[in-house]
């Protein structure tokens, strides 16, 4: 509960123990069991490959492309999703009217639409923005709507009796009240965007980290493939830590409201 | 008026009308020829293909395959996520042990996990369920943890004052209080499970609509592809409606009173 | 008292309210002239809060009407302020005391320049001078209650609806605030509906006391308070009329619970 | 004007890779960029959306696209079936399973790299020619890199594969060679060829001519020295050169004929992989 | 009064509490013998709630000690029940009145069979007979407050800590509950610490009244109440000793606010 008070930069040795143990086990297993596979490589080799490709600039360049695709899509889909989510929660009639449409479009896997997207947008960012955007749009919509519905009803009454205009109510009551949940949604959205853009790159789009994974796999280089894989995990980790830090720095107490102050 | 709109049947009716309008727009677009019918066939063609697919039994089998993957993956994910989320939410020690690994795993695309999963488990349904679980875990896990941390502090004190044990506190105070969050996460996950079933079927070639769509796309049979997409939409709609109904029932206390 | 029969500020005519099948208030009728200080008393759970919410426009009667200046009260109004009974829930936890009061001014479109001084003034009025920087969670129950009153006053309302606003206050603070409210009302000609469970408070403050009977809530008693103003905490409470009223209301409550 | 050429990670487009690497395109005045494409079936839509000017689809992908209504034309030939490469595409059988002839496949689970793709079509033809009902074989899609894993874990009884994967499985001692079904069939039809949209090909007849000339020159270069191809393929696919060398060499022909396409058309019609009627002669760029 | 100097139930010795730099309570010292009914009064914001939370083990003193039966009160105890001031937050919104009371019994390990009757009995005791099916949001403020009391009684506590438990109740209900509590305490020998802002209530209920001074909170007055038991709402309040105490405490509060 007093997490905010704990100095941030303390190394979490305990947390590192678990992944380290798993890696060690994998290394030993691969070295000792002598199996043939094009999908796994000993962690030590992967580590060396990772460093090599970081140093020669290949992974950083790919990372930039993937992140551009992911964040572009997140913003393009997430912001409308957020606004609509609030609108839907505040205007139940609208929510009801759109329900069937939304619920029927939402689960359509964007991957299934990749051939269409490829034809409409071609290779490059356009396709990534569109497909990542679609996924993030619905996710933000759902999460925001749930968050707004959870706002203490008395606070909404306060805004009614103060005759706050709708925008003022959203800005002064709803948004601050849902801020903590919004951040969770945004963080979820960011990882979803990363996952989706990598998937698109694996399947279709010849750029970014997913493309590197695909290439490595087809070139029968499991070490390179896993290095990309690990790198994506690290990028996501950094991203999340960065967002958390930003949350604390930018919003401080407001973002933690309702997270047990007393 | 507002009351009428928001209530029961009438709202549902309007909702269906809006959806019908969307289909109509789709029809207009496909008729206009702005997009090649190769990529966007009209809803009429897709519907015809859908009926054909069910007549010869192919679609039914694929649908069952997808449903199976999706359901079990989601179920396992829900159990694992709520369990893990509870442990992390309640114990700072567990949080320290698990969170780095989890934060690292979270952004890994499930699609890229598939080859590794195949290396361990082969082309089995267990592999698919593992991958789906892996990919759908996160929304539930995060909302569970979030739900835990936003419990009204006074209620924690009530639990302390009643000398409730950890497990009991979780079961009786924290989980119910976090339930709205958890259910929202589960609602997202049920869709994610569907998407991942499709991805698994596409990449690992398991029986299901994903594979059907993939083959249709490869053969440029776009009406078949859209028939599959329509079915996926329908499955998604029905499953998330079921979750919503469960949600409404479990959270009925929320709609009472002022 | 003026002779002209001006339009009453509030007019409850046969207002009835039910939640689902359950009737909460039945056939409530009374008029409240502008500038009158009306107190509502009644046993716990008899419907005082519900009646006040009707007056605020937060609920709509299922039958009958609640008129404000002759118009149906179909939604809350900017010049009608309400102090909620559950003060803890009605404050924004992410804003300081200062910010919470400021909210009402922002809503009213008060330009930024003039706010700070007025806010300090209001905080001082309710005995929270210098506490503007505290968050609601850092304040005691009574302080939160007073903060909510300050926010309502910041609205510059022409009507004040107060639901047990002094419930969590000690006798001294309470008496101080009672006198502040009386002074303010006299100065600004504000119309007040004041819910309280404290009979002496009702008599001390009111021009009139309405008592509700429970199950369902109805008007059981409606007496004028003919005590001279300005009132005085010691002198007024010793007047025979005060004691007589207290007896009368006490008997009413006693009878209503039997 | 830039010409973007999209190929999958295989040696089939070796001529384009060599032409790009050895300055042949440049010499012809073509500004070329090579792009690696994940899935062969992504090539036709990529051509259509102008993400690529020229691509290397397999014959089956090309014909299915044309059958579906995509207006594509063949521009030049790339790789062809011939004895050496036919030899390399085989069934690899999991140890403990006996499959020696076509009939043995009945009731077995077999991994193929892609439904409706080159190997799949040839395999079905092989079954049909040997009087085995294709429906009696349980085919599952398995990407090349997963093949060693599915054999090792016992997920399938056999895989249809080629190139370095076969060697890897044999090395790991989890599987052995089965029927060489492609060479049993024979044939010299195109495997992969260069294609473009009809619009682009008609609008840029000069570029098409120069491209053909460059491909022909590259084919001659490879004919003379295989190492040139190995270096370029290794560079493009990022595979290790040893790996490329260990694969049976592809055979390149710069021409493409209606006959070669016709062979595939017949085959695919028999397997009900085509719905409409496509005229092979109409699919060649002028 | 017995002659043996038995171990006091509670012993505050020099208890001091600060949030950050800000001292809230300073050097609080007093003993509370078992079975005593102690009332705490003081101006709003003086630290009554904080002192009670120390006694409950919800806060730890920054200096000094709070001993329970001679042991430091380092965590809440099952036999010490606390009634929170903000009743609205202390109830589980997803449980009915019945369920909220049941919680305490579940926590105490009461077998299911015996619960229902006892719960109904407790609900009746606080005047909520037949209202067990309501959710907290469907109850009035006073009803919620009484519900919380019922839940505390369900703990069968040997010590009751009550923070303005009757703040939202009308005079009659309040007097009824006062007498219920007195009767219960007399029967079960419960030790009570009772925070109130109502001086008459403090005198009527208590064996002893402690008054706190604000900024920071300190003990300012500590007087025994030598009124015979059982007490009577009419007779007791007319005794000269009652009136004398009321005067004394009133002056204390008045002085403390100046």
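A, B, C, D and E are the chain letters, set down in written order, and residue numbers restart from 1 in every chain.
FYI, a residue touches a chain if its C-beta (ideal position, glycine included) is under 8 Å from a C-beta of that chain, and two chains touch if they have at least 3 such contacts.
All figures in this text were calculated on a predicted structure; none of them were measured in a lab.
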| item | value |
| --- | --- |
| Steps needed, at minimum, to go from subunit D to subunit E via contacts | 2 |
| Chains contacting each of subunit B and subunit D, listed by label | A |
| Target subunit E, source subunit B, minimum contact steps | 1 |
| Best-connected chain pair, where connection means C-beta pairs in contact | A-B |
| CA centroid of subunit A to CA centroid of subunit E, Å | 50 |
| Inter-centroid spacing, subunit E versus subunit C (mean Cα positions, whole Å) | 28 |
| Gap in Å, rounded to a whole number, between the CA centres of subunit D and subunit A | 37 |
| Two or more partner chains touched - positions in subunit D | 45, 48, 143, 145-146, 149 |
| Touching two or more other chains - residues of subunit C | 58, 86, 89, 138 |
| For subunit B, residues contacting two or more additional chains | 36, 38-39, 115, 118-119, 217, 258 |
| Of all residues in subunit E, those that touch subunit C in their complex | 19, 41-45, 48-49, 85-86, 88-89, 127, 138-143, 146, 164, 167-174, 176, 197-199, 250, 253-254, 256-257 |
| List of subunit D residues in touch with subunit B within their complex | 41, 44-45, 48, 61, 64-65, 67-70, 111, 114-117, 140-143, 145-146, 149-150, 153-156, 273, 275 |
| Of subunit B, residues touching subunit A in the complex | 2, 5-6, 11-12, 14-16, 18-19, 22, 35-36, 38-40, 93, 96-101, 103-112, 115-116, 118-119, 135, 138-139, 142-143, 146, 149-151, 153, 156, 180-181, 184, 187-188, 191, 194-195, 198-199, 202, 210, 213, 217, 225, 228-229, 232-237, 239-241, 258 |
| Subunit D partner contacts - residues on subunit A that touch it in the complex | 35-39, 115, 118-124, 202-204, 206, 211, 214-221 |
| Interface residues, subunit D side, partner subunit A - complex | 6, 8-9, 35-39, 42, 45-46, 48-52, 143-149, 152, 164-165, 168-169, 171-172, 174, 237-240, 243 |
